[in-house]
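Chain lettering (A, B, C and D) follows the sequence in which the chains are written, and residue indices restart at 1 in each chain.
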């Protein structure tokens, strides 16, 4: 898997993306987990949509920062994503997105970069393709179906 | 249950809310259900956040218009909601929000109005309290727990 | 709304259902909420399927006791439900099912009874129709759609 | 990533697991996607729990075959999983589990084998660790949190 430490790099685009992910984290509604997450999603048109986790007393109704960013983009007419930056309060190491968020992003293509950012702005870069191998995608629903299976 | 046909009323606030719900519907990403939904959420601070449904090839990862609007508001720092307007393409009658959306809204209080709007802008008004009786709310997690149950 | 205190009643069927709901609660995987829930679902064919909540470190992936019972029944070929009993550790009053569970049950018909049971086996009875008014059901997906809306 | 074509192998344990996954698929409640999935989960205690997808008119309330199998096991007191076999009607190639199912399994440990099976009983083997790299796990919730972030 292609990993890359991103640190001290000079891209203004990335720095803005990271900054917005940190800011978004401060909006987290997480009275149950106390685990704040922020995300910033860059579209191929150059727009940035941010998100935080929004929890619910009925835990399954909670949603993640990454998905908040995605639905904001889609409801604004943007469905083509280039990069997402994700951060939490975890001090050491890099916290990966949950499987649901990987799947939500995969709806819109596997060719995007995922930056995991620490609170002190260190980052590691992955691709969505790396993080969701053998992904279930919209194409899977279109594939020919067998009319029988082995047990019949 | 307190219901009210809302038609030909003059509130500019409501008319704007309904208009934005209709517009939001056009952003729906629903290649699987072909069932477009739009929502517009009014906060007590007077802001409006809109949402559409955003589906996923893995159906459980789909989300609804109402929840899209809620997470947009929360990630913008708004957690106090006054009214939500919801519309779909269903021509006759009024389509209620799914149970998940009622629960998502309930996290932020049961005292809000829910307007179900038809494509030709007729509406019916409910309260969230009406639509989610005996609601499970954040308070339920705080209640004293029994140390034993009958089977012990 | 039709409510009924069920206490000291003599139905063996209900007593077995309640007993199994209490027992199911003890299987709850809830290291995050510490909020145990048990459910027991009676099919129209007379079978009982039990469930507990199963939480996940990524909170949105958690699921509820009621839905656990439903998927157990469906994966066993049973889709027609008569009654469900739900219990938690909350000592005083009756805790309602979350909106998601009401919606999950509604897929299979609104004419079922929901018994909320306290740890000391007191119960209150509702119908699903009561608890999910103006329900979104499979029929809603079949209704005629408007080809235009007001904003066009 | 460690992949392995599993074909013509002789393990009775695996053959039973695969057979039960095929059978489980026939229970799928999928009137919306028409995409049947079956799963069979082997615990470290040697029990097999099967599951199918159970969809809902409100698509987000749908659940997957793999998660059905997991909650059945957990509600039966089993939380240690060894292998899962997953099959659908897709004729060519191997269909991966959705991100949500990978996450649901990850709650109970990353060291399990995932067998993707075709309708004609060909299989490919992965590990959960392979399919959910940089997984978000229960340990992530325990890690020390930074008291500040870069933007403060």
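For the reader, a short list of remarks on this structure follows.
We adopt the following convention: contacts are C-beta pairs under 8 Å (C-beta built on N, C-alpha and C of every residue); 3 or more make two chains touch, one makes a residue touch a chain.
These are the chains along with the protein names UniProt gives them: A, B, C, D = Cytidine deaminase.
Source: prediction; values computed, not measured.
Annotation: A-D is the more contact-rich of the chain pairs A-C and A-D, by number of C-beta pairs in contact.
Computed centre separation for the pair chain A/chain B is 25 angstrom, with centres defined by C-alpha atoms. Centres computed as Cα averages put chain A at a distance of 21 Å from chain D. The distance from the centre of chain A to the centre of chain C, each centre being the mean of the chain's C-alpha atoms, comes to 32 Å.
Residue positions of chain D touching 2 or more other chains, listed in rising order: 32-33, 55, 58, 61, 63, 98-100, 103-104, 106, 136, 140-141. Taken chain by chain, the contacts link every pair, so each chain touches all the others. Of all residues in chain B, only 1, 19, 22-23, 25, 33, 35, 87, 89-104, 106, 116, 118-121, 126, 130-136, 140-141, 143-146, 148-151 touch chain C in the complex they form.
Within the complex formed with chain D, the chain C residues making contact are 24, 27, 29, 31-32, 50-52, 54-58, 61, 63, 67-68, 70-72, 74-77, 79, 100, 103-104, 106-107, 136-138, 140-141. Interface residues of chain C, counted against chain A in their complex, comprise 32-33, 55, 58-64, 98-100.
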